[in-house]
């Protein structure tokens, strides 16, 4: 099983965090390749960056050469997921919905802790589209920019633990870590808080493996069917694709 | 990893179907024990049977002696799931929500095909409670009683394929098999229909393994916290439990 | 008119409170029989106890011998109501929905005061299923276990009055007493708070009388139609039913 | 118990139908007074007529001289109900919500049959505001104007029976008669269709009696509190009120 | 372009405020006529006054003699809008929905500041019916009666600015002025708060002009089609209409 | 007033259609500049093309040099609108929401006719996000690719008229043209169908003018506040921006 994990920003440090955590839960026999877009913002925090990064992520996958069995989208609350499901026919598993589904299996209502308040509307839209927003009691932000997460891990864990207390007091009984950059902090936080703490990257890797194992692929009958062949200009943006191995929907001239 | 799979009716034939299919997807190192309630209806089709069976399933687990790492509830659309999550602290994975979450990952809108029309409201309630009802375009029934599924497998597959055509034409792009008794028919149907077909038992087993692997247990902070110690009469119904090994919430006198 | 009122737990003290209050509002010509399940928890507070008690209540009615014109389910927010509507064809009136409907007729938004926080999700589900949740502004708990209600009535009334103040300040303009054990406290509280205070048992008895008087019975066309004849094992649990007079749906072997 | 039943149009024939049916279910000791607005349309079918009639009904009650214990609003789906609840402090029971609540107690999903398609949006708004719209599967019209209902009762019953068949086939399991002018036809139709058929006028009378018997009055704490004293011009429209006995909210100069 | 602006109460002072502000934004070539109902309350604050005023406004327009190209309803959150759309076939633009739609174009979530708490439910209903309630984060009241707004404009602006701070802190990023009497205060408040502040009267005038310019009229195919010809009594209330020039739906005898 | 109208695909023919229709309704004193992205698909029909085009449209505006008073996004149902609102501080008016708001002012429920079925989910998401989806009765597709609209205008009008009949019969009373390429066909169709027919481009131009005239700009307090200064790579994609005159949110290195 070969999983292609796509970071949603241009920061290689974040890609490394994602890659390390994705590999930490991969089953024997699963190989992980983590890729980083070549253009776009260093972190995606809010609508503008999210829409730019959505295209950059699609571009990255459109240019990837190699066989993959499933794609993991490692941007919490970012746009573009449904576009990816139209682009390829292997399973596409997004960290947002994955962590929400798993949290829903071990709790009654989960809360999400994210980085900046600016990312909250995107997370809400993503969960709404995934159909699981009703299980989320609230989304809170620690107002720590993504790019500062790794500067002081202990401070980050402390901020997450502190931020979790109000939602837990108001009725949540599990926590979802609302940023791919938080990958690896779930176990620490789970022990500290005494409730399930769910991380997106590891959730998505595990669910991608499940879908491959059960022989499921993205449906090509409805809105994810290939689009009509038509003229495209300057796309994919990042490079001239030669030997694309991923099933690409539509003809790109 | 030891999974306890609980059938929701008293039919050992259905338990065998469930057991065979659960084992067919279990990872190496996972052992499956499938148990059958000792009281209740031979199949659960509708509100009355569902509420009786919910208590019988809780009773079955309350009396089970042995270590388990997760519980799989193998009754599609049946009641009792939230009660089980209060009874134990290992993960509880229900076939209804499991197949819905996986279907939501590979399609835009899924349809469910169930046995009798009488089971549809229970399935709707279960999906609503799981928070995923919005992703379901419709639920249709083939009007084949659960106990007749295995009498003629070919006829059952034909009935399922026929029943799938209208929802697919009306916009669904994946099918969920809405009865634990349909376990094992998903691959056949998937090939025939050309869309993802998701089965509950295999989905739930795979998700239960994921939760155990990721170290997640049912939250005991909210509504699934143990209930107050109090006097119980005649419970568990089926037998005097001596050496319960499952963490039981509340004191039972 | 003969009403069968079913307590949802095994506490005869609570059955007596229910019985007394049911009789206090019964019209001339109405007789009330209050019955108590022979198995299950002494009080139903949360999911586990609610699902067990649902079956015990169904069992109690399935074994009842005598003609009844309507059934009153006296467990606030407990499961099983739709199963009872499939079991019998006389009207089934639940204290939860009854008090909510009457409160909706005399207020704009009502709040519910219940015993333990653990019962809140069940109440929400019951009101959602009854279709009236939107009229409820909030549900608050006084954290007094059901079994302690009668220990000190004055303290209970004080706790209810105190608990009502915040919801009233936040916009509710009526109070529903969210536990059958609170029966009889509505008038006291109504005078003290100056807003309508609605009790479930008296509401349900009055609505059951109305349905009988208007000649309405539970519909047997949809999900409440009798289930298919099939093999049942060990049911009804509590006793061998000999001369069932209630119309029972389905064949029970 | 004295109930004031207010027709919502200026047709005395319809008032007579309403009056006869209201009296047919009144308990011993209940007296019914049915009043007719002195201005407005002969029947209320659609938004324009509904908003005019809402004011005419409020005007009628504001001018009524005599003690009443509750008010029954006998216009199915008409506007003004919340205004009436602010005008008086006795219970205000509307035929729309009353029949819906009772139907919800004896069925899973009810359908409404009304006169003209033009009345459907008003009915939907009324049920939405009453919080019970989710229990209504659909509203269908027989395209028979209100004023022609009594011309040929047999034809009307036939039209209702015919109109009921499609909703029942599509999943409804009870019928609500969606026009006060249909009062008295429910028993006939119930026998013919074999499902509960609920009429608004009789439902509202029975519920008004229940509220009076249980000692409940319209809450005066929230939006139904009396409005500020202020200058009114030309109101009440129909006559100079001298000895108003109903508690009137606000000061009217 | 001739716009008929209808105040919803009998206060000529408020009509003057509305008229002045309507004219302040009218395009060259647009003439504004502002009319005042001859009966009803001096201000509409709550359900009772809103339902009376709805009929008075319909009456005012039914009696208006002159050609108009569109009607502006200048009562924030008042009832009757859909009745007006049935009465005439020119566009009907209500200040409530107009300001909400424009606010939705320049913000993510807007809050509404209104006069009295009693008006909040009516505003919610109006926005719900207009389909735009989801974009409103909350509605707050300054508890200043409509008739005191103009007594001290500076105090009113201060009260509005103060009332806006909590909703802005809780997530709103624009403010809608929820009373036609606030017309003219939006620019002051916008400068003070640094977020878009939207006024209903100017919004509605601008949208009415747009609809006229684009050649759109109220649809007469659905619920706004003329009602059936029938007998009306005492209507229009205020005067015998002689030369009605507005297209009136239905026959009025 | 200078409006920047952005086509959402790379087809200059469609840009010309948009430009012509935008100019046809512009007020005296308004100038229109229509721009075309330099990369992406020739038409946006479905998720993949929509997410790519969203970034291309943001890129186009980020590189535009010149003062503009408002931006019109001329892609019906396309993604990116909220990103644009973060990018600039002038008003951003999207054809989807504009036509929906205007349709909501002249009808009870509008239907949308679009090109391909593949575009329907995107339109639904856009209307949901705009908060106006509830007013839309349904969205139907004529299965005519965007790029073939102008090949035979008469055939296109016929297809639209034919496609409108079913939604109108099922309850819609106005039509929204769900593709920017349909601009200019609304008047023809309106005459033919006898109901309001609303076009997105002209609606958006008119609403953009209104917002400028009323002095409203995009709120910069909430999710549309500028994002944090951070490192961007390879952005804007299409060209090195030198003298950006539009207020750009965030720092782009």
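General remarks:
Should a chain be cited, it is by its letter among A, B, C, D, E and F, assigned in written order, with residues numbered from 1 in that chain.
Here is the rule we use: contacts are C-beta pairs under 8 Å (C-beta built on N, C-alpha and C of every residue); 3 or more make two chains touch, one makes a residue touch a chain.
Because the structure is predicted, anything quoted here is derived from the model rather than measured.
Set against the Cα centre of subunit D, the chain with the most distant centre is A.
In a homomeric contact, the two copies may use the same or different surfaces; for subunit A and subunit F, over half of the interface residue numbers are shared, pointing to the same surface.
Rounded to whole angstrom units, the spacing between the C-alpha centres of subunit B and subunit C is 29. Taking each chain's centre as the average of its CA atoms, subunit B and subunit D sit 46 Å apart.
Our note on geometry: subunit C versus subunit F, Cα centroid distance of 54 Å, whole angstroms. Those residues of subunit A in touch with two or more other chains are numbered 82, 85, 108, 121, 223-224. Chain contact topology: the protein chains form a single closed ring, every chain touching exactly two others. Listing the residues of subunit D that touch subunit E in their complex gives 10, 38-43, 45-52, 54-56, 58, 79-80, 82-87, 116, 118, 120-121, 125, 128-129, 145, 147, 223-225, 227-228, 230-235, 237-238, 249-250.
Contact residues of subunit E toward subunit F in the complex are 25, 27, 82, 85, 91-93, 97-98, 101-102, 104-109, 130-135, 168, 171-174, 187, 190, 194-196, 198, 202-203, 206-207, 210-211, 213-224.
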